[in-house]
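Following are the structures in question.
The following pair of complexes shares a single chain, chain A, combined with chain B in the former and chain C in the latter.
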Partner chain A sequence: MITANSYSLSTEADATLARLQTRSLVVGIVGLVACAAGLVLSPDHFFRGWLVGFVFWFCMTLGSTALLMVQYLTGGAWGMVIRRPLEASSRTMLLMAVLFIPILFALPTLFEWARPEAAYDAVIQAKTLYLNKTFFTIRQFVYFGIWLVMVYLLNKWSLREDADRNIYYAKWLQRISGPGLVLYALTLTLCTTDWVMSLDAHWFSTVFAFMMLSGQGLSTLSLMTAMVILLAHTEPMRSVLTKRHTHDLGKLMLTFVMLWAYLNFSQLVIIWAGNLPEEITWYTRRMNNGWQWVGLALLMFHFVVPFLLLLSQELKKRPKLLTFVALWIIAIRLVDVFWLIEPNFDQDQLRMHWMDLAAPIGIGGVWMALFLWNLRRHPLMPVNAPDLQKALNHGRHH
Partner chain B sequence: MWWIGIGHAGTLISAILLLLNQGWRNAINRFAEAMTLFAVACAGQFPILHMGRPWLGYWLIPYPNTMALWPQFRSPLDWDVFAVSTYATISVVFWYVGLIPDLASLRDKAHKRYQQVIFGALSLGWRGSAMHWMRYEKASLVLAGLSTPLVVSVHTVVSFDFAISIIPGWHTTIFPPYFVAGAIYSGFAMVLALMIPVRRFYGLEDLITLQHMNNMAKVMLATGLIVAYGYTSEVFFAWYSANNFERFMMHNRQFGPYAPFYWCLIFCNIITPQFLWIAKVRMHMGILFVISLIVNVGMWLERFVIVITSLHRDFVPSSWGYYSPTRWDWAVYIGTIGLFMTLIFLFVRVLPMITIFEMRMLVPSGRVKEPVR
Partner chain C sequence: MTSVELKPPIYGILAEFDNSDDLVEACKQARAAGYRKMDAYSPIPVEDLDEVLHLHDNRVALFTLLGGLFGCFGGFGLMSWCSAIAYPLNIGGRPLISVPMLIPITFETTILCAGLTAAISMIVLNGLPQPYHPVFNVPRFAAASSNKFFLCIESEDPKFHRHDTARFLESLNPDEVAEVAH
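Showing the complex of A and B:
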């Protein structure tokens, strides 16, 4: 007989997470104090760094929400073992909404369309219907409203399922996931346009939101993989996690690595071959003045190296190595977000400000602390999920 | 484009679902792979016909010649030659390798001498030993691993044919993923459109179950939504680009002389598949058949809209004009449909359309408690 207790965190597991949580919180607070200093000393760089940090960690939050819905629709054992970590991560949405507020106060600092000189720019004038401060602000409330409702329902029904064994919750979760993913795709497209693409108000690319989507999937899967492997040393994960689970997670990471490369390559080829002035500037900026080294590093370390490593079946079954690759990918994701955002400001030369590190660390520390706190509050497995036993037996021989 | 897109579902069903350990593919993969081959054969006709001088088709292939003439390697049209021919080769090999155990069964059951000779030669001496099976499994996995990137690359290159130019309506970065999704979408629609009648007439309801149909309909819905996303983002970004030519193109597409085609396309490809959200529709063969036909029409319209509306009015108003297909355009198109149907029916007559050996493994596990006689 399986009770909720058999999947509750053991004392050791809880201690591991609690230790990590305290450390994250300390790092986060130090980072945020540095951010406060940055805000006073160099507000421009503070907001740029803040945007980088925000977008990077937001990928985890929204990516978790999306992956939760994907796993309800497709099923699969991989989804079951990371469902609770995904839920914990999705519950950082409210924090992200709060952390977004500073950006609303800095629109002219960050976005060229919000500056007074935009009035003399014919191209920007042609899109003021969309790119104006009021509508921008309204949109942010709508996005976060939609996401918060999604996160609320996904968590509420899944946790209710633990308490009373009503099979209808599983059905409801599946039922909202389809339309939820449609809403996810639409809001993701618009928010990516708002936060990243419109930094260069002249540039546009229809595949850009897909690139962000692949990045979100990759960030989230890597963090979740690292998390479950960390927990695999202790109960209850020790008796749950099999090599087949980590193998599957590794395969998914490989898929997203390839998807990311495929989308980036497609965009590059199409824009490079078209060579139109309104599009190619995005790349000329990123292919000169030192930025090209960041681009090459991304090609090597965001695609080639993880791709070759993850091809190996051996590696995907070895928890330590897989954790290493996962942490590697998380680190290089930050470089990718940096590369998407920063060249819009420092066009003449590659420059890094200390705020570009302080803000992601500050936001990340707080984010991790909240994530871990969320994770510790509930059993690590959805105890009454209909397919739980099937998922746990994945890769075990009877 | 329409044909090659249809071809993709076959490979997707066989290769990707094999990699994903999805057991439900077994009943349908043989049929879908055959469909792939025939669709690719149909698609292959067009580039040669389009050159205007079909007898010089071999000029597309880079070969050392006395005049030191080479094809233009920077043109995606030439990438097409490589992508499609590689894809066709791997598809043939994949399909054939999958057929070998069944060909051996046919050989063993054959009564006439000529059947024994033909099936015997084709089954390459298959005896069904454990070693044979092991190599068979390995070969299938490798071929599946090869086919999957090929499916994506073929349609990506097809999308590059358009996107690399700077024609508004063609030059947009979403084309590669959106074409791949569109290809899978139309492919699944075609599999359903062929499978539903075949299943009915040959009484295959126990082998190709409602669950198979349900799953295929779900894949169709998902890819249909990606295609819908593609259309929506084209409209939004045409406006957002603030580029006169882009905005004009979209306006012309929606309200210009070819507007009825565009709105038909929206009806066929976006509105119709929304009914697939309802489980009862997915399980109702009649309705599903009609939807899959509508989607096939819609995907044809999509290609028509992309090609024609962008070309008939370009940058210089003096070169504007109208296009209407000639007798010969229709004849070529209908001719390939005839070729496709002929090949499909030949296949259904001559070869096992459902994998025999995989069914042998699945069917006994379905009836456990049969009394032993």
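Showing the complex of A and C:
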């Protein structure tokens, strides 16, 4: 019989995670100290960097919540092996809510619609019903409220299922996942509009939030894949993870790489074909003054290279190579977030401030430390999940 | 030597199995016993069968890649030639080779050519259409299209022995073992 103990972290696995957690925390604290220095020395750049770092790591938090719900709806062995890491990652939502607070105090620094000059801008004036400081702040409370309730329920029922073997928890988890994903799509659209698209309040694109969705899926899957492969060096993951599992995760990464490219290209081709003055600003800014090299780098290293690598079945079945691709994608995701946010500020030429690295590193260190701490607190597999045995047999012969 | 045997008297020996797991297991054992010239027949795609039988013929993949590259460069080249050389036309001040607008068609021609080469090379390399195959001589082989799984060890295999091979196949718990006439 399977007991919770069979999937508890072995002392070796726990030691690996604890070591990583301490290192992350140290890196995070050093990064945050640098951020504090940045806040004093150059507040404008601090807040820009902070927004980049926040959006980048938030992709992991909300992406994990969404993928949790996806795997409850679709089932599948891939979801079972990363379910506990996804839960641990979704439980960083409260941390993200706290880390968002500084942005609320810097609205005029970041957003052109929050500055006094906006009163003389006819286009922005027409949008003030939505883009005003009070409504913006209220919206943030609503988003985080919805997300925190989602994260709370998804985690509570899953962990309850471990304790007593009531099959109703699985049903409840499945039932909230459908409406939960609808809420996810709506809140994601709104929060992406608020945090990133409204940096340029004149411009609009209906596919923009979906681009962020593909990025969230990609960031999350890459981190989870790297995580389970790391865990597979030790028990209990060593006897759980098969080649078939990593193959499936690799296939999903490939899908999200293609989705990301498809959505980015859709936006480009529609704006290119229309060639309208109010739409092309986003690209004219990003195709000149050095920014075009960032765009070209994204095309090559966010799409072409990972796409070609992930096409290989051999690579997806080799844990080391797959980890390399996953870490590669996580790194290039940061460049993508940088490219979405920064050209709105430094329009004349490509510039990088040291805060653009310090903030993502600071936030990331703390995020990773909390994620690992969450991960160490519960068994690595949902022991009473109805499909657990089927998921474990994925790719094994009897 | 007075008599030269041009052909072995039979094509091979066919074993029938009830399910795909038994078939995969049988193939593994036959490999382990040293048999190389053999083939498996199944009504459904069986995962791992290609690995167990060491079927590493990836020519279809190579042809598909070449077809795709031809479609990619051919499509893009044709459109570029049309809009920049044969009939240059300034459309809203865009460059004559307006790359983003050419990508969807380039994508389509890539998929078209890759798909066609994949289908055609698969059919040709499989030797299809093939109206006759010796295994059809075993009446029960018709079940390979519905619910039975077959392993045929062919007589061209250097280790093949009419009686030993039959005995070996019987040891794998098949439903039936039958000789296959040419």
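The rule is short, and it goes like this: the second predicted complex is superposed on the first by the 398 of 398 C-alpha atoms of A that agree within 3 Å, B and C clash if a C-alpha of one lies under 4 Å from a C-alpha of the other, contacts with A are read in each partner's own complex, and residues count from 1 in each chain.
One rule holds for everything that comes next: contacts are C-beta pairs under 8 Å (C-beta built on N, C-alpha and C of every residue); 3 or more make two chains touch, one makes a residue touch a chain.
All values reported here derive from a predicted model rather than from experimental measurement.
Undergrad: Where does A:Trp373 make contact in the superposed view: on chain B (first), on chain C (second), on both, or on neither?
TA: In the superposed model, A:Trp373 contacts neither chain B nor chain C.
Undergrad: Between chain B and chain C, whom does A:Val269 touch in the aligned arrangement: first, second, both, or neither?
TA: In the superposition, A:Val269 touches chain B and chain C alike.
Undergrad: Quick check for you: in the superposed arrangement, does A:Phe301 touch first (chain B), second (chain C), both or neither?
TA: It touches nothing on chain B or chain C.
Undergrad: Looking at A:Ser205 after the superposition, I want to know if it touches chain B, chain C, both of them or none. Which is it: first, second, both, neither?
TA: Only chain B; A:Ser205 stays clear of chain C.
Undergrad: Of the partners chain B and chain C, which touch A:Phe345 in the superposed model: first, second, both, neither?
TA: In the superposed model, A:Phe345 contacts neither chain B nor chain C.
Undergrad: Can A:Val123 be said to touch chain B (first), chain C (second), both, or neither?
TA: Touch status of A:Val123: first partner only.
Undergrad: Contact-wise, after the overlay, does A:Trp354 reach chain B, chain C, both or neither (first, second, both, neither)?
TA: neither
Undergrad: Jot down the residues of chain A that show up as touching in both complexes, chain B in one and chain C in the other.
TA: The overlap between the chain B and chain C interfaces on chain A comprises residues 269, 273, 275.
Undergrad: Spell out the part of chain A that touches chain B in their complex, as residue ranges.
TA: So the residues of chain A touching chain B come out as 123-124, 126-127, 130, 178, 182, 185-186, 189, 193, 204-210, 262-263, 266-267, 269-271, 273-276, 278.
Undergrad: Write out the stretch or stretches of chain C touching chain A in their complex.
TA: 21, 24, 48, 92, 94, 98, 100-101, 103-104
Undergrad: Please output the residues of chain A touching chain C within their complex, sorted ascending.
TA: The touching residues are 265, 268-269, 272-273, 275, 397.
Undergrad: Which chain B residues qualify as touching chain A in the complex?
TA: Against chain A, chain B makes touches at 152, 156, 160, 163-166, 171-177, 225, 229-230, 232-234, 236-237, 239-243, 277.
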